């Protein structure tokens, strides 16, 4: 028993999952204990589709990247033009990590230990010094499910991935396709390890109750962002009218283009919980820049205007996205330890956009680099607090309903895993 | 099972507590195992009064400091002149750490996450965006018991703190009050993390059998310190006579001042175990300096002489103190991990004493800075040794009777917790 | 349950040991879990003879060295010319680590805490401040079994060391004695902490299937090293003829000298598993240098030629050795954590050989310093891979039969410990 386990002394994970009450934040052990970390890997990360990369990162056959999902190491490799493959990055011989670089390009996949050599389709092509009865057909790499949705790449290590993801993909793809992320190029990528549980990272992203901490981000949001009509304070009435006009204009733009605009929110009503929304931005309304104008002169896709607001997509368990006319930003969350979470942020621009000519990298990255760092500090203080035996789940404010929905979804996943 | 747990394979904490035999040091698992670390937090640190600060550190309303006691984070804040408050440093909303600086001064206590705002009395004054039915009266900060004894501040996170502490406070306060620590100022503070269990830190402080390792400290102690009358070796006889004269003189001084002088030793005979003693110092007899003269020209309190020896106070579970005519030194011990302990040492002087004029900081701190570092090395080697499966509790020497008393007290605490 | 424990969820160590199937590598939990780390200390390192030093490191009475074997700290000290002693490095008083330097020379063994003083025979000579009834005879240092075999020093912390080690010593000593390691001097020592389980370090050493990663080492090995006669590829036929000639010549040399030459391999057929072999080297056939000539002009022992190939000795659980005409290299493996292992490599030369005159240290150390670093990278990638829940034991190639024999031996040790 560690000191932190004293928070729930006498209560098992089963007890905590069973007694969770809605309307309140989760008990501390969900965030701090090794037991829940193991459960989260098994019940959530090993069973659901995870966003881990973009097609844009692996444009050519042989391009690969490796990534860690809890104890799993996964290898993504482009086998052919549209044929992306994923495998466990573990040699079938004595289990060595097959590829140990984070990314690169190869002809075959050659284990660095004893040179077992696999094709990019996972087939074992050569294993030195084997006896005649050795059958290479029995030792292909173990596959991992993989699929791309509008240029966003998802993997699932479960034998049977959640069936409803096909529906979700069909729902969100029409929103994504016009932005042509499949052909985009990576302008930048930043890895940040936050000192908090992965659920605190996801929860933090599901509310703007804390957005006073994000001055850069707030510049492009309307001042009444997150308010219901009834809540708008008198002094923000004219700002709100400005928002309503921008929203109507944006809706008309998408209608004219024949593109979907409606908010769809299914955070806790399905296995592959998600939420998608188009929303207007303040000022020039084009991008997350100080004056709201596009950060990149070449726009993504071939839409006829830069004034497209932002497409916000949230996908459980581990990702969110902002797609704008001029660039897109993807966020992938992976658990490292009960109190450590890796956040990978990737900025995408038009494949022909040139740094220094079409965009300034600092300007492009500024808002989300700052916002991520601010969020990391908030997540760290949340983690520190919930570790106290004196912490008691508190009430969500109405503006935190999506945090609650995320927790509902999460607890349902654990219940299905534990009571299965 | 870790390697260290192999020391007690097949034995539970209950077994080890039950079979502890007096006269010998404790078995290794008491110092190395996560199970005992958890027990020590629950049975000792979460149930007893802990010395954590001095009033001198929080002179003005709004002054606060935060501290970690195992998994607990505690916030001390001055609400009014004599009104010190302590709370769990955990926001009542979603549990974020409320204040994340170690110390400072505030009007209200504002959570950095969603701006929930509490008064220095712990009442929730403002929580943004709440529905009408939200009752702030239900979400005040959770209080922690706090009390000051002669300027020394103690907290207790238990619902019902040990009742006998009032008696102990009444016993020791007359010794402390003449030195006026309540109004003193902090000259210096040093935090040291020792590589050993908190009990080894406390045990090490309860004997001078190892004092050959402390040449600086020994200068101001009489050469026969710790000897009984019968033990005094012939070659130290004249030094011992010098001690007896100094002791008689000191006793007369305190009698004349009408202040208590008697040794009181109740280390293992009550819940709030303690020991208090006035003792003469060698050389000039005033302070812990190379020649024994005062390190600070302005004396603490308003006593008419600098030749007051030292007041030694030991309070279980976690503190000891040396109060001299010219300065006081406080020591607060807090467990960090089975093999890591934080020791905070604070030097107090007269509020009007000026550094560089009335005292030289290096001279003031020299003896205890050196002694702490020497002790840290001894504690680290004790920790290393007791982790061996070959370690077997050995016999205490007669001069180590206070170590044994501390262990008796500690084992009694665990028995009361486990067999309750 | 940690994430890594999910690899074997529902399976205990007993289950894993019971279901181990031959012909395949071990399951992941053997390498990653705390439970197996504890078992390995108990069942293997606390029960078998371990190679830990050479006589050459402790030439004079009073010379000592200390070392950690899992949670044990052991003290080796020369008591007299041929009388080497080993003790638990734990004071019999309150358990402090007795000596805290890694090596040195002393008259008596004095504990740095309270000055308890022991002779180099372990007897307690002085303990200050003890009452008359204190019997020093009851508080001698706890002995550890120790013996030297041809200059190689082994310890065993078990009460009853494996009985068959005497046979093994009798078998290997005639191979070792002519090289006179007992009188050699230490030219260099390198400590390396590898990021892998100790068994992966030992397994890696039991096969040359991965030797493409060792270009420096391969220079002195014949190109058909490890091939059976039937396996020799046509293009290596002439190289193999060269090997057969060198082998015949080497055999004749040893026959002429009256020294044993035969391979003895008992890796999994006894408790003290071992393998000893003399083998020819390519090129000049004298040493591990780029051209195969001796790295040290003064030869070890008094053999009449430098062309002696190498004596390879492997001793379970934790050591291997290469003895050449001009120098010897010893390797000692000690577990630090499930995924951390200490490897100590020591180079020995003739006692009168002078650095810069008789040998260049860089040349002497080059091959094994490089080979160790290459192996450490391979071991790290093996450790990373077997931690994946997707890892499944794979088939050994015929050239890996010694790896399998090591694993057979290891699993037998665990079975004897668990089912005893």
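Read from first to last, the chains carry the letters A, B and C; within each, the first residue is number 1.
The definition used in the following text is that a residue touches a chain if its C-beta (ideal position, glycine included) is under 8 Å from a C-beta of that chain, and two chains touch if they have at least 3 such contacts.
Quick caveat: nothing in here was measured; it's all calculated off a predicted structure.
To overlay chain A on chain C by their CA atoms, one rotates by 120 degrees, a value rounded to a multiple of 5. Although chain A and chain B carry the same sequence, what matters here is overlap: shared residue numbers make up under half of all numbers found at their interface. Each chain gets a centre from the mean of its Cα atoms; for chain A and chain B, those two points are 48 Å apart. Shown for chain A are the residues in touch with two or more other chains, of which there are none. Against chain C, in their complex, chain A makes its touches with residues 34-35, 37-39, 41-42, 46, 70-73, 88-98, 100, 112-115, 127-131, 134, 139, 142, 157. Here chain B touches chain C in the complex through residues 1-7, 9, 25, 28, 203, 209-210, 212-213, 231, 378, 381-382, 384-399, going by the rule given at the top.
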